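The letters A, B, C, D, E and F name the chains in turn, as written, and every chain counts its residues from 1.
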Amino acid sequence: MSDFKTVQELKQLDPNIAAPFRSIFILRRKTLKTAKNGNPFLSIELGDAGGSFTANCFGDSEVFAALESVVEGSIVRVSGKTEYFNERFSPRLQAAEEVDPSEEEAQGMLSELVEIPPESEEELWADIEEAIAAIEHPKLRETVERVMEKMGPAFRTGTAAINMHHAYRHGLLEHTTHMVRAARALLPLYPQVDGDLAIAGIILHDIGKLEEYEGDFAAKVSRIGTLQGHVVLGFRTARKAALESKLNTDLTERLEHIILSHQGEKEWGAAAMAATPEAVFVSMIDNLDAKMGMVQRVLRNTPEGEEFSEYLAGLQTRVLLTPPDKS
Amino acid sequence: MSDFKTVQELKQLDPNIAAPFRSIFILRRKTLKTAKNGNPFLSIELGDAGGSFTANCFGDSEVFAALESVVEGSIVRVSGKTEYFNERFSPRLQAAEEVDPSEEEAQGMLSELVEIPPESEEELWADIEEAIAAIEHPKLRETVERVMEKMGPAFRTGTAAINMHHAYRHGLLEHTTHMVRAARALLPLYPQVDGDLAIAGIILHDIGKLEEYEGDFAAKVSRIGTLQGHVVLGFRTARKAALESKLNTDLTERLEHIILSHQGEKEWGAAAMAATPEAVFVSMIDNLDAKMGMVQRVLRNTPEGEEFSEYLAGLQTRVLLTPPDKS
Amino acid sequence: MSDFKTVQELKQLDPNIAAPFRSIFILRRKTLKTAKNGNPFLSIELGDAGGSFTANCFGDSEVFAALESVVEGSIVRVSGKTEYFNERFSPRLQAAEEVDPSEEEAQGMLSELVEIPPESEEELWADIEEAIAAIEHPKLRETVERVMEKMGPAFRTGTAAINMHHAYRHGLLEHTTHMVRAARALLPLYPQVDGDLAIAGIILHDIGKLEEYEGDFAAKVSRIGTLQGHVVLGFRTARKAALESKLNTDLTERLEHIILSHQGEKEWGAAAMAATPEAVFVSMIDNLDAKMGMVQRVLRNTPEGEEFSEYLAGLQTRVLLTPPDKS
Amino acid sequence: MSDFKTVQELKQLDPNIAAPFRSIFILRRKTLKTAKNGNPFLSIELGDAGGSFTANCFGDSEVFAALESVVEGSIVRVSGKTEYFNERFSPRLQAAEEVDPSEEEAQGMLSELVEIPPESEEELWADIEEAIAAIEHPKLRETVERVMEKMGPAFRTGTAAINMHHAYRHGLLEHTTHMVRAARALLPLYPQVDGDLAIAGIILHDIGKLEEYEGDFAAKVSRIGTLQGHVVLGFRTARKAALESKLNTDLTERLEHIILSHQGEKEWGAAAMAATPEAVFVSMIDNLDAKMGMVQRVLRNTPEGEEFSEYLAGLQTRVLLTPPDKS
Amino acid sequence: MSDFKTVQELKQLDPNIAAPFRSIFILRRKTLKTAKNGNPFLSIELGDAGGSFTANCFGDSEVFAALESVVEGSIVRVSGKTEYFNERFSPRLQAAEEVDPSEEEAQGMLSELVEIPPESEEELWADIEEAIAAIEHPKLRETVERVMEKMGPAFRTGTAAINMHHAYRHGLLEHTTHMVRAARALLPLYPQVDGDLAIAGIILHDIGKLEEYEGDFAAKVSRIGTLQGHVVLGFRTARKAALESKLNTDLTERLEHIILSHQGEKEWGAAAMAATPEAVFVSMIDNLDAKMGMVQRVLRNTPEGEEFSEYLAGLQTRVLLTPPDKS
Amino acid sequence: MSDFKTVQELKQLDPNIAAPFRSIFILRRKTLKTAKNGNPFLSIELGDAGGSFTANCFGDSEVFAALESVVEGSIVRVSGKTEYFNERFSPRLQAAEEVDPSEEEAQGMLSELVEIPPESEEELWADIEEAIAAIEHPKLRETVERVMEKMGPAFRTGTAAINMHHAYRHGLLEHTTHMVRAARALLPLYPQVDGDLAIAGIILHDIGKLEEYEGDFAAKVSRIGTLQGHVVLGFRTARKAALESKLNTDLTERLEHIILSHQGEKEWGAAAMAATPEAVFVSMIDNLDAKMGMVQRVLRNTPEGEEFSEYLAGLQTRVLLTPPDKS
């Protein structure tokens, strides 16, 4: 893609030649330090989906000025020359500037900058939109629409977790869409479950994570996330939208209950145990897709030829990666 | 008090004489049954703080008509004659009528009908009122006042639990007042704790229990209590009052956080772990007074002469009841 | 159905008249006792899906001789006269004989004798048969067929549990069929999962329960169930069939792994943690249908008018039974 | 303070100039190694409250001779020249000698050598002395006095823990004093609690830690601490003093019980569950002050400007450090 | 054995004839009640190893006077006539008197009054005596002897538990002897274990139970047992004897450590984790013999013909009782 | 032993002289890397029982060719010259070749290459052989013999664990032999335990570990170990041998049950709880010898002079290493 180099491509260049390069990276960490001579310099870590490296920018340089006020998690366009220091790749940067994530060039590089799902954001989102449109009860549909009006853009890009399943850009959108698809496939088998409520509950179940985490490309727990947790934050958002949509009390309580109970067990953060057919249904599908998402991700990310993945804490085992022998 | 007989007094009457009596009891259970001859009859359990008994009211009687639509947990005035059936006290009722709890006669009997704290409701409530008035930050004070405007009467009578500590009428008021007093005694020792926030947080910390339980004299978990739990219900009530009082975001979040975290551990229902000085302070005082409340109750209720109380699940032991030998 | 009376019907008869009756029941418990005069008598408990009662058969009676060697859990046809003893229904039996469950009359009463699923055994089994036929890999299909050849009849009638989900006649068949349907609905969404293996694994996952429990209409854990548990018993059965079918080692191990890991957690009895896409998939669907099965059962069995079910240990809560208010 | 340099001050000196310095540090670790040429050298770690560094002293040097027999945890006065090796501060020491902690110069540096509480040892101890004097029961007071006669000096300097709350010099004194103050504030609210016993119990509750840990400025668990634990060690010490003071059996057992039960839960090391009003009271105040002590410490130690502390294992969360917005 | 009847023998007599009888029983429970006519009567439960019954003694009878001051757990000689009330065996007592357990007649009945081990007290104790004599270290041997001098008689009769393993008369002696035998058999295989210490530790490991429980034939937890637990009580007893015997500090600490750590896990009451070869050895043998003792007891007590025992909480399963088929 | 140098001996040579050496090591890790110039090289780790070092072999060298296809865990004979790089020992290898473990030279070095038990393989195995020969029941003996015919050689060398007790070469043989000896010592004390079954069960209890782990000198969990676990693998092996030996069903089930239950608790991997006298006996002896084995190993391996071992996770404490003071 273009002449931009990824971290891996840069590291494969002949280390004995100072090669000029251009690229787009995420500014992962930025620390202001003082050199032994008393002068300030920036120690920065730049990275993409395939790796990262560290570089130093001295206080009197152009790059120092350009990066001084850029926040961690931003996308930056840099140019420089390859260089090695103590056998570690540590290029000399010559120019740097922040790039807006919506800029065309950044968009083109996005899949190489950060881990993203195999399906495009558009495909995934289309299914969410269709599922919302298919909610029959007008005020329930309106409730979901109101949340998405406000949260939609964040919902389309946010991660579903920091350490566990679907922990990558668009991960929340992917996980939610997969749950919607699973629910629609299963609803005919469990007629006791109200489809409208289940679908609305699924779309909103993790909405609190958009407030629990902060930082665009390097998520960490926010202040309000520490103080309240995503279950209560999602409850709050859904409740507000339901009140504005004049949803009746019964449906409001059932919708809220799905959010409050979806974590399954109190020690995992559930505020209540699932006590309606819809809440049991949603919390089980959440668990199913979370676990299957971990499997899908290691199948995608482990280098070919490995028989087993690394040990996965979420599954308490390694995953067998080779396909079944159907001969 | 008056000529009304308690259950214990009735049972001490000579069983060989059908003695006429009048009394006031709580209707604890009421079941409609069908006699062998096909006729309906009511099997009812009547009780007071010291005991209970069962009586049958046949379908064609005046008492049947009087009690048919009275709900469980109501106070009833009855008259009848003592009678024994198979050696069990089972009086023949001749008249019955529901009594409003605010009625003078009921008030007079209240302390014999249900377990109540040793201090009067008025004394306890006066301390709450004074503590509210002493909150310096006007909007924080207003927030607490708004909640009490709506919830006050229920707050003054409700129980703090069904099975655990302070599980009796006015128990929530007693527990909250004790916590307020403990906090005021301790605040000078922990200057890192903001007194306004701690007091406001204490007063509201269990407010959700007023919605979690229902039934005046025979509490059970309500529908909304099952679906949301008292932590989220209290959060919701406090949040609404804070928004109406235009409390700033920082204080609102800290107040909400006290409620969300006061249970201490996630498996006990905390939505978040206490992360502010005030939240740690309140959750520790809650635990202290809950445990001390169990001790105070068994000291109060165990018959004199016993060395140890029954085994208490909440303390995982029996409590030594005899005073220390200070000779 | 016919002139046979159910337990509930018998108990509704006028207690003051000794009414003759005929009926079919299950012999739930049978104990040989000695009367005060030294004579032996049988104390038996007879019951159907709606209740039970106790009767005594004295040693010199015809009924004693007829029931002496009938084992608990058998179906018996009895006739007698209604009678009450100490206000408890305790009829005098005049004749009794064991009935073969396959006998027409017994079949006709079956739905009144024991709890059974809403769908008929035939409908459920048809789906299993179709799913087996749809397994594409010949030796995998043969493996499942071999198991069903031997275990099929037991599989069609056995319970899925003694105390937990699907704990009733045909419960294992119902649970397995529901899982097959759920898997087929979800397979298109998780292409990483091999459909043949998942379906074969589901059909066999609980097959060990047929040896873990014994007794036709009153299941209890068998000797081999205590010594090995259903996970190992199922593994053993599947392994034998796979070896006889000359299934290749890879597929054999993956099929066995699904059985060994389906319980999800080691403390729930899993011998290994699910480590293949198919094993994760099956164990999640097992959990989903087990929980939904509990919901479906209380919705079916709780008397109309109740808002909440009893507390269910398997869900750690009561279930809200009323339908959502979609107005 | 004087011309002694702290570790931080030394590290801020111009690294390109070998600056002479004098200072007082704690000898944290000392290891005898063999150089490649076969000669012995000491690798030592010196530190103060603000940091530490490593230096090597070769076998033929004066410093080697001076430090060879000094034990870890001692205070040493050193002089030398700043030097950097591989960019790490690693000064060349020219002279060293052990300093007695009671020496004036050491005293002056103490607050910079080790973490200590904000209140002075004298202030804290004065409150303990006053509390002891206020114990009304003569033999109970004598019991506490006997323990303090023997343990007092160690009690005034020891740490309350290695890793958890109040884990610093004078930490045990601070924690105990805070508990005494809290108890005195709360006693009027819980008249069921005997004040004499509660205060005596608090003062002695952790006395076993003085034997459980060893090493003056670098605590580690002692042999007897591993074999018995501080609960039993404290019990032993209190029991001996009570016997010597001829305290009656009832009070002796109640005092011992407070020590044996103060850890709250068996898995935290309690030998018995708190079963007297005093034991419940003390164990709850212990928990309250332990948690509040963690909050106070991070508020004190975290650099200004941070919104949240590091994650604290003892509180299972980060602590919000900014003061409430009382505007 | 004599003409005394056991409970089972009495219940087998013809219920229609009031047969005179004499017997010796344990007075299990004794409650003073008031009859409907206001007169006092004693409701007593008498029992032996094979069963129990209830009888009433009215206030004006000789038996009332005889039993009024006899404490629960005593042995009583009674005579009376068999009688049935409401089909329950409820004899009319005519005379009663307390019997000293050491009295010949009581001794002769002991094995029928209470559950005892299959080996006689003398055989078991002989092995303990021999094991003590074989301790080579004089002061260690003296330490054990001193404990036994004081505790010996109680040690020979006491129970090892209330609910768990070896929970019967002489149970502690039996369990300890079995452990001594096991240790002596295993010591040659683990030469790292000091035999003297291990044997001394075993003999004293549960000595605290003699103070933890009280009541001769109907054990319950004593006051000091509740306040301190048997681990600390045993530690205290052993420590005192070791000090009196001038045992050196090292051996004293190791002996105490065996007692403090023998429960294995902190939540089971261990004050410290086993940290010497002897302590690990003793705690493992304790666990082995406790579990094997449960097996031996159900093999002894379950009626012939049963395939499995009842569910045993201590083993978390039923035990297969039939012998292996060695054909 | 010969002129071969161990890792420790090599590291003690004068670092300033490039000394030629020969030795035998285990190839612990082998990674193919690409140098900056694009050329391949092997980074290898070589080690013995006392330490390890890393060396690089470039693509055009003789050593590269020699090691390219040698698998990790093999024994290699190397020669080279000592060399230091960045102060780390990193010798220049000049020749290398794989050595068969059975080769005389390798055998001579084995005790220095890997940790092994203090007793020789021959002594340990002789006890197993004798114990097998002493099994009286012919088909039970044949069952064990059949397993050993196939598994014997692996059984004699395998480890009993990767991280826990007896985690070294011949560790399984040592642990099993110790258990056999302990069982034979204890059997006379527990006559309820069938000796034949207990001994057979012990010999086979961990046999599944030979399939659970793979790699001769650097064990890791195998594919089948991940999918089934050693409990099921051992069950499978024992079952096959029992069927081939025509062992009767009862003994087969009891033998299998010992294997299935020996882990003691379900969360430790037991498929069933021990429910026969033999299974309880074996699982307790397994636990005893596992814990004692940890003690024996730290006593063996900790450098003289240390008072305590490192903290051992398996014992949850440090172990006191000094012998008791028997003066």
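Quick notes
In the analysis below, a residue touches a chain if its C-beta (ideal position, glycine included) is under 8 Å from a C-beta of that chain, and two chains touch if they have at least 3 such contacts.
Since the model is a prediction, treat every value here as computed from it, not as a measurement.
At the interface between chain C and chain F, over half of the residue numbers involved are used by both copies, so each side presents largely the same positions. Interface repeat of E-F: among A-D, C-F or B-D, the matching pair is B-D, sharing over half of the residue-numbered contact pairs. A centroid comparison over C-alpha atoms places D as the chain most distant from chain C. Relative orientation of chain A with respect to chain E corresponds to a rotation of 180°, obtained by superposing CA atoms and rounded to a multiple of 5.
A straight line joining the Cα centres of chain A and chain B is 47 Å long.
Inter-chain spacing, taken between the CA centroids of chain C and chain D, is 63 Å.
Computed centre separation for the pair chain A/chain F is 44 angstrom, with centres defined by C-alpha atoms.
Shared interface positions of chain C, defined as residues touching 2 or more other chains, are 223, 226-227, 254, 272, 275-276, 308, 317-318, 320.
If you check each pair of chains against the touch rule, the ones that pass are A-B, A-C, A-D, A-F, B-C, B-D, B-E, C-E, C-F, D-E, D-F, E-F.
Within the complex formed with chain F, the residues of chain E that make contact are 137, 178, 181-182, 185-186, 188-190, 192-194, 196-197, 248, 250-251, 254, 272-278, 280-281, 284-285, 287-288, 291-292, 295-296, 299, 308, 315-320, 323-327.
Those residues of chain A that touch chain F in the complex are listed here as 14-16, 84, 87, 307-308, 317-318, 320.
The part of chain C that touches chain E in the complex is made up of residues 36-38, 223, 226-227. If you check the complex, the residues on chain F that touch chain C are 223-224, 226-229, 231-232, 235-236, 239, 253-254, 256-257, 260, 266-269, 271-272, 275-276.
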